[in-house]
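Notes for the one structure printed next.
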């Protein structure tokens, strides 16, 4: 089941550099593991912004929430979730 | 070059049924041709809304505008365009 | 899987009375069937507004979209969808 | 009398961990007591956000305000209150 | 139980003059009856706008919705409802 | 001359308890004196929010500003002012 | 007593030219009479918009509402009213 | 050339009293000098808010920016600029 | 003197084709004449929208308003005007 | 490929003066180098605001993001990116 998720990051300018580096490293590892697992299927940077647009493929709302809530950057993020469905013009339907 | 595009459709309730059917058929064909050509790489329905979230992979802004401007449903749409860039956590970078 | 859905209805003042009565009757029957089926689990009127707040319990996003898209009042509605998850303070968790 | 209440929580990142743990424990106990008492009838997490959607069944506006004002997390919350009424399509009306 | 209600009226410019006059006369009579009954306790015009700010004193949400839904101008209105409670600084508390 | 005034209070969580208690006591005394003087004619709490809706009856805009500017909580408030006029449906007009 | 008033005009494109010309002529005459009377003390066009920013000097809110409600263009306008007071830096205070 | 400028001031509650008094004194002197010079032609307080509405008469955009940028309170302000033009109903045109 | 102007066009879907073609032709000729005259110095299409971002170099606010008010598409446009000034980092300042 | 970029700067009032001066100097040098390189083709100050409107001419979205992300003031900025395309009324098309 697919969800579009937009994440805007707002790190305090005066954040401790070590805490920041550690948080960002953990965020990256966390994201990449979920990408390898096939749950975090797309991640794009929004050009010119500290934001990303991602697409998740998860079992249900519970799993989506669990993933997002445990993001190392979650306390610094604003998150918007949009549930997606198949579009009737999608050519993938022609192949099915 | 990737762009996220959100399209919200607002068809008049009293639209002529034939005009509507024809417009929707042309929209579908137009979209599917661009999907086959590899320029319209994702199209998802927003659950519960007459809207889609799409991702385009085009040569430049001119081509993106040309594609969107010529959508048969363009006069009935509100369109939001967001330029995308590679995210540093994307595992595709590890394979490069 | 639960979703909160807010629906705002905007019927044209000059709508044909028979079309209106028929549409409202079909909307009611449609809603009540889904309530009986256990997919439309709550429906409340927003006091003083032509709007409702509903909770759906559906298999996935696809089914949610199918239900909402086929509402007889859908062409007259603005719809907001919010995916819900279990809250850690919910006492239902204590009984589990 | 029913009210939908949306609560968005914004805890300071640098909040003292003991104060935070204590506040969250008191919030949970407070919520669960009201759930057991039948005044806090639903509580759902908004997937991907530090927010909840709740439904309260209280005697009047005074009681609703008393409950919300005394939430241990109230100073950290933005709260939206929506009074609810019976929807004419609710099948509960058919059983009455 | 008190509610503040803001009503913004938007009559079509081309509304039939007789329908308009009749609707406005019925609105006025309806409002004045509820004022005499003690349920519509304040009504003020917002200076420079086709809007009013009103305060209702009703038994519950159901009654508030019933009153507002049956306003002759309801189909032409946008309505915002705000539930009110006693303010701790209100000197009426000193007299109680 | 009547004005509706909505005041939203936002006290810093870490405010010194004595300063806070003193400010709130002065605010209450200030408000109650103006209520006794007949200039602050209504004050209601917005259920579930640290906000009030008030109605002032003052000589002119200058006096309204003087009252609001000198609120002990003014530096912590967002204030919205709406000038009110007599509504033609007000039954007070029938008694005049 | 001074009020800033912003008026945005939205005339239907298909408005009857005679009705339009007559309405605009009456609006102009109405405005100019109030300017001569000293109640409409400033009127400026917002560059590039069908809008004006005006300042009124009137006895009270009732008179302000009466003036605005009777604008020939009122049914086509959105109106925002802001009550003004003397600014402590105004050099007019030094001359008083 | 005229510009309407709305300035909203947001001073930190914990601002050093001497710095605050000095900044406000410099702001007042700066404003009054420009009023005497004929460039700051109107300044009104917005009733109930720490804001002003001003009108400037300056040679061009460069001069307007220079004036606003050098306001002692500029770092604490949100500023909105609206370029003004002559309104065709202005009776000043009849005298020209 | 420079101004950034954003214009959003909203033509009625059912607009008479001849009126539309004529209006668009006049708009184009009008724009191109002003470009040749050096007053309309930039015009860009917003990719995916029926909008443009333009920069004007005009004598004053009066001239800017005159140009925009007389756009053949003006009745179908929403227009936002932003006065521009020299930026201190502009390398044109180094050449001066 | 052209992009309009609006940057709003929000420096903390209590920023260390040396850090501030250094950051601003690096921002200026960075901007001027990109102007000389032909990628930052326009930069204008928004009159009365700590903001600029810029136009970039870059190879693609990746390069645009790289430029903006590395702005010394980026952590203090809100950035809005708008992709631009050729406007059909642009007289540059007549010369091509």
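Read from first to last, the chains carry the letters A, B, C, D, E, F, G, H, I and J; within each, the first residue is number 1.
The criterion applied here is as follows: contacts are C-beta pairs under 8 Å (C-beta built on N, C-alpha and C of every residue); 3 or more make two chains touch, one makes a residue touch a chain.
All figures in this text were calculated on a predicted structure; none of them were measured in a lab.
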Query: What are the chains that chain C and chain F both touch?
result: D, E
Message: Report the chain whose CA-based centre is farthest from the CA-based centre of chain J.
response: E
Query: Are the two sides of the chain B and chain C contact the same residues or different ones, given that same means over half of the numbers occur on both copies?
result: different
Field: Matching chain pair for B-C (criterion: over half of the contact pairs shared, by residue number), options A-B, G-I or E-F
entry: G-I
Statement: Copy-to-copy rotation (chain E on chain J, CA atoms, range 0 to 180, rounded to a multiple of 5 degrees) logged as 180
Field: Centre-of-Cα separation between chain C and chain A, whole angstrom
entry: 28
Message: Using Cα averages as centroids, what's the distance between chain A and chain G in whole Å?
response: 50
Separation of chain B from chain H, taking each centre as the mean of its C-alpha atoms, in whole Å: 45
- request: Send over the residues of chain A in touch with two or more other chains.
  value: 2, 45-48, 61-62, 64-65, 81, 83-86
Message: Which pairs of chains touch each other in this structure?
response: A-B, A-C, A-D, A-J, B-C, B-I, B-J, C-D, C-E, D-E, D-F, E-F, E-G, F-G, F-H, G-H, G-I, H-I, H-J, I-J
Query: If you look only at chain C, which of its residues touch chain E in the complex?
result: 11, 13, 45-49
- prompt: Touching chain A in the complex: which residues of chain B?
  reply: 2, 4, 27-28, 31-32, 35-36, 42-48, 52-53, 55, 82-91, 94
In the complex, chain I residues that touch chain G: 5, 12, 61-62, 64-65, 68-69, 75-76, 79-81
Statement: Note: in the complex, chain G contacts chain F through residues 1-3, 60-62, 64-65, 81, 83-86
